[in-house]
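Just dropping this structure here.
Each chain carries a letter (A, B, C and D) given by its place in the written order, and its residues are counted from 1.
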Amino acid sequence: MTLTDHAPDDVLERHFEATIARNDRIEPRDWMPEGYRKTLVRQIAQHAHSEIIGMQPEGNWISRAPSLRRKAILLAKVQDEAGHGLYLYSAAETLGVSRLELTEMLISGRQKYSSIFNYPTLSYADVGTIGWLVDGAAICNQVPLCRTSYGPYGRAMIRVCKEESFHQRQGYELLATMMRGTDEQRAMVQESVNRFWWPALMMFGPPDADSPNTAQSMAWGIKRNTNDELRQKFVDMSVPQAEALGVTLPDPELIWNEERGHHDFGQPDWEEFMEGVKGNGPCNAQRMAHRRRAHEDGAWVREAATAYAAKQAAS
Amino acid sequence: MTLTDHAPDDVLERHFEATIARNDRIEPRDWMPEGYRKTLVRQIAQHAHSEIIGMQPEGNWISRAPSLRRKAILLAKVQDEAGHGLYLYSAAETLGVSRLELTEMLISGRQKYSSIFNYPTLSYADVGTIGWLVDGAAICNQVPLCRTSYGPYGRAMIRVCKEESFHQRQGYELLATMMRGTDEQRAMVQESVNRFWWPALMMFGPPDADSPNTAQSMAWGIKRNTNDELRQKFVDMSVPQAEALGVTLPDPELIWNEERGHHDFGQPDWEEFMEGVKGNGPCNAQRMAHRRRAHEDGAWVREAATAYAAKQAAS
Amino acid sequence: AVTLSTYALMLGDDSLVMSHRIAEWTSNAPDLEDDIALSNIALDLLGQARLLLARAAKADESAVPPLPEGSPAPPEDALAFFREAHEFRNVRFAEVVNGDFAEATVRVLLFSVWRLATFEKLRESRDHVLSAVAAKGVKELAYHRDYAARWFVTLARGTDESRTRLITALDSLWPLWPELFDTHPVEAAAAEAGVGVDPASVREAAEAVLDQVFTAADVEPSQAPRRSGVLGKTGRDGMHGEPLSRMLAEMQSVARAHLRGQW
Amino acid sequence: AVTLSTYALMLGDDSLVMSHRIAEWTSNAPDLEDDIALSNIALDLLGQARLLLARAAKADESAVPPLPEGSPAPPEDALAFFREAHEFRNVRFAEVVNGDFAEATVRVLLFSVWRLATFEKLRESRDHVLSAVAAKGVKELAYHRDYAARWFVTLARGTDESRTRLITALDSLWPLWPELFDTHPVEAAAAEAGVGVDPASVREAAEAVLDQVFTAADVEPSQAPRRSGVLGKTGRDGMHGEPLSRMLAEMQSVARAHLRGQW
């Protein structure tokens, strides 16, 4: 008999809290508070949706990749994002929701995905910049999640992070190669970095003062750092990389603060961020329409697979 | 009272034949033999369908026209083809069939269009070659039809021919301009002419010996020349134009025959021609699918227009 | 001269990109009459684009991308076929990927109502080329507007399906409507110099015309919120959506494959 | 060497063009597993294309389009990004515009069954590069075939709609099946020289495999007649359909905009 089966709620709750306190993992069959479960489902689903929607901005350039090697790298990367979506939906499924339900939540707009993917990709340099800055920011967000209290999520994140850091290096390498190319290519890289720097900073979410759910998530061990802590870490990490690359980060307030031992930096445009969250960003409608169409176009295929499986089972 | 209303059939028939013999026009309200009507509907419909399907091979290059002037010329030309379709469907409607019925005959494959449009357009030179050779062959076919015995058809043809000869000059002028350009452009023109020469010869239909309907159509004054007569005329006309352009017509048997006062020339591949007629040409499936899709996509619009008109009439 | 050039480029790019999208309807319209009408609209806009781009080139030759020696391409072609997406200054409205016929109806209606209000004022431009383009354009655009308004009312009052499609199309394009009336510094300067029109100054006139159409169609104005740009930048700044670079890849492919080509 | 080069180009172009079409499914498949599987197929084919085009370039350097001095593009990229449509030697089957998922299923099935039969023999090529590509490719193609065959049976035996769509797809692609087994003079010469495979020699093997799949799916072989070429020429002669030049306009756009670009 495991503890889950018949123990009264307060015993279970004490057990849950002790597990969290020990930094041990909660597993699917363990008892967990409903709020914990809901928060996790929301967070994992949003993360999974982000991987799936995130296939579009980069996928936009697969057909135009300027060398066969880059085409292979990009195609494999977008494929990995589908794979990440798959792990994460599986992790969410251990909490009792199906992938189909979650997909419908995405398509109907009831669940969100990362706003970064509502920005358009406008040149091939964006493939590199997304790798470097967007995947870089994602890694800062996600590395702590490898130690998240929910087992399946944490294990999924370990795989995801390993691949993401590979993608980040590939993105950086593309930009570095382009910087060794023509003047037009260097200008393309700089322009791309100008566009993605601020949206990348937004990926850590609003400033801590405006992020009411952070405390509970941290208490539950779902989240391990505040938004502002992670954002600072990302900035500190990116500055020397930008220097090595030879690009300028488009923030006049960006400067090393000897006293803090960190960089000071400016604030992104949180109003534009909120427009994106509300659905009014430059590509929200396009991303949602694409996902909805793909899902609807696939309905007859999924039905056929179900019908065939049923016939096989019956025979 | 006109002759049509109550006169017995043999009187009507004699009147019809006398009109034909005088080279006068038969008009919609005149009596006509059923075979004459059917032959005309088939021929006019096929001609109208050819204009409509013929929009596709050239339309394929509107989005890629290499100068703004050429883009305007090409767009206007394809638009004219839609206009020709319109005149011709109207002429057919005077014989008691509706445009919608005819469109459905086209889409279901029960009526044909000119096989030339089942060849693909593979370079911008094809826009010029279609103007020069395909429109040129069409004009040879159509000029005599301006004197065809059925009034509305003849009058439609007068308008069509006037515009076609304008298109032919534009096509020739494009090729002439390209021939003054780069080596690649000259090669492109020659390759295009190589591809379209034989299909253009096929536009006059099979050799007279294999064209059983010609005699009746000529007796009725629907057709004014045999296939081979028209083909000869086209070859004789094209040879000096090709020379002026600086391209070679891809027929080793092509040579001036002093005795006949005409060019001798080789035979096109009539087997390939028949494959096209049977639906197996390189683009038949694509052309039909395009037309079918456009027609089906427009169904709700046509329904809305009908519903709106009915509401307006009722109020 | 740079102001005039950039201003003409903005208007020219709107016309060129919009013309390209409308021309994609050729051989795809619901009926022959509409195929012809849409080609006609595309042709009118293309004609405007040629004159406007030529004006942009003449006002500031440095705006024209350099072509290899021996290229006979006129400057308006160099501008159309040899700039990258971020150098295009058209409003994002013009570049959106085509939808169904309801979308084409709304697209032509909104564009022509906006552009007509602009050209009515632009007839007074101190620049004789711009004023001539506007004077000719006003007649063309009035025809485009009337064609689209007729279909707008027909679809709104036709069947349930056509009404639903029309309203969906209106909601899908409406988020880009406010951007048409944003005043870019170049437009402000052009207006100041008496050669151009401040877009903000024509909003009232344009919306009054639209309201008439909406009323005739018994359609409520859309409530769809404005689509934001990227870091506050939109089409006029060269900040576009993803579809423009794809459109240009196709549009420019033949011209770029033959750098010294004669056409 | 010219024979070997052209033969490798033919195989390489098949893989490249087919890979491009399959990659267009990315982010569009009916389910994540299929998105991943199709990307995988596209990646395998792309890998084959790179090796085959590199072999073509090495066997005959004159086959490689000249690039401006300073271009660091490797020869396989020069071949992929700087040839015109008529210089591509792929079978027309590979270039057809994508349809629905049934079409993707039939496309991958027919292509992989054909190519697998070819590669099984090509493993014996006297050319070590071709034999190595074939040896590796056989495993990849067997996976592609199995994936497609599974879906072929599933769709055939799933719902009425899926069965209808599958048969429609089979009839739409079948007219290009016979062309896969036409022997081009270059292929005949390559087979003669012991470096290539005569396509005609693998038809029986390929059709035997297909028949097994058809039987499992309870589907009759298609009766759709062969699609003719232009003046007897088809893909292997550089005579393609309209879609190829559009595909290339997109595929080559970035590479061509940066003639000296480093990527």
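The rule we apply is simple: a contact is a pair of C-beta atoms (placed from the backbone, for glycine too) under 8 Å apart; a residue touches a chain by one contact, two chains touch by 3 or more.
Model, not experiment: these values are computed from the prediction.
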Q) From subunit A, how many touching-chain steps at minimum until you land on subunit C? A) 1
Q.
On a CA-centroid basis, which chain has its centre farthest from subunit B's?
A. A
Q | Distance from the mean Cα position of subunit D to that of subunit B, given in whole angstrom | A | 37
Q) What is the distance, in whole Å, between the centres of subunit A and subunit B, each centre taken as the mean of its C-alpha atoms? A) 58
Q. At what distance in angstrom does the C-alpha mean of subunit D lie from that of subunit C?
A. 41
Q. Touching two or more other chains, which residues of subunit B qualify?
A. 64
Q. Listing for subunit D: what residues touch at least two other chains?
A. 249-250, 253
Q: Have a look at which chains touch which and call the overall pattern line, ring, star, complete or other.
A: other
Q: Identify every two-chain combination in which the chains touch.
A: A-C, A-D, B-C, B-D, C-D
Q: Using the touch definition up top, name the residues of subunit B that touch subunit D in the complex.
A: 57, 60, 64, 119-123, 191, 194-195, 198, 269, 272, 275-276, 278-283, 285-286
**Q.** Residue ranges of subunit D in contact with subunit C within the complex
**A.** 84, 246, 248-250, 252-253, 256-257
**Q.** Touching residues on subunit D, where the partner in the complex is subunit A
**A.** 16, 20, 23-24, 26-36, 39-40, 42-43, 46-47, 49-50, 53, 73-74, 76-77, 80-81, 100-101, 153-155, 157-159, 161-162, 165, 250-251, 253-255, 258, 260-263
Q | subunit A residues within the subunit D interface of the complex | A | 52, 55-56, 59, 61-72, 75-76, 78-79, 82-83, 85-86, 89, 99, 124, 174, 177-178, 180-182, 184-185, 290, 294, 297-308, 311
Q) In their shared complex, at which residues does subunit D touch subunit B? A) 85-86, 172, 175, 225-232, 239-242, 245, 249
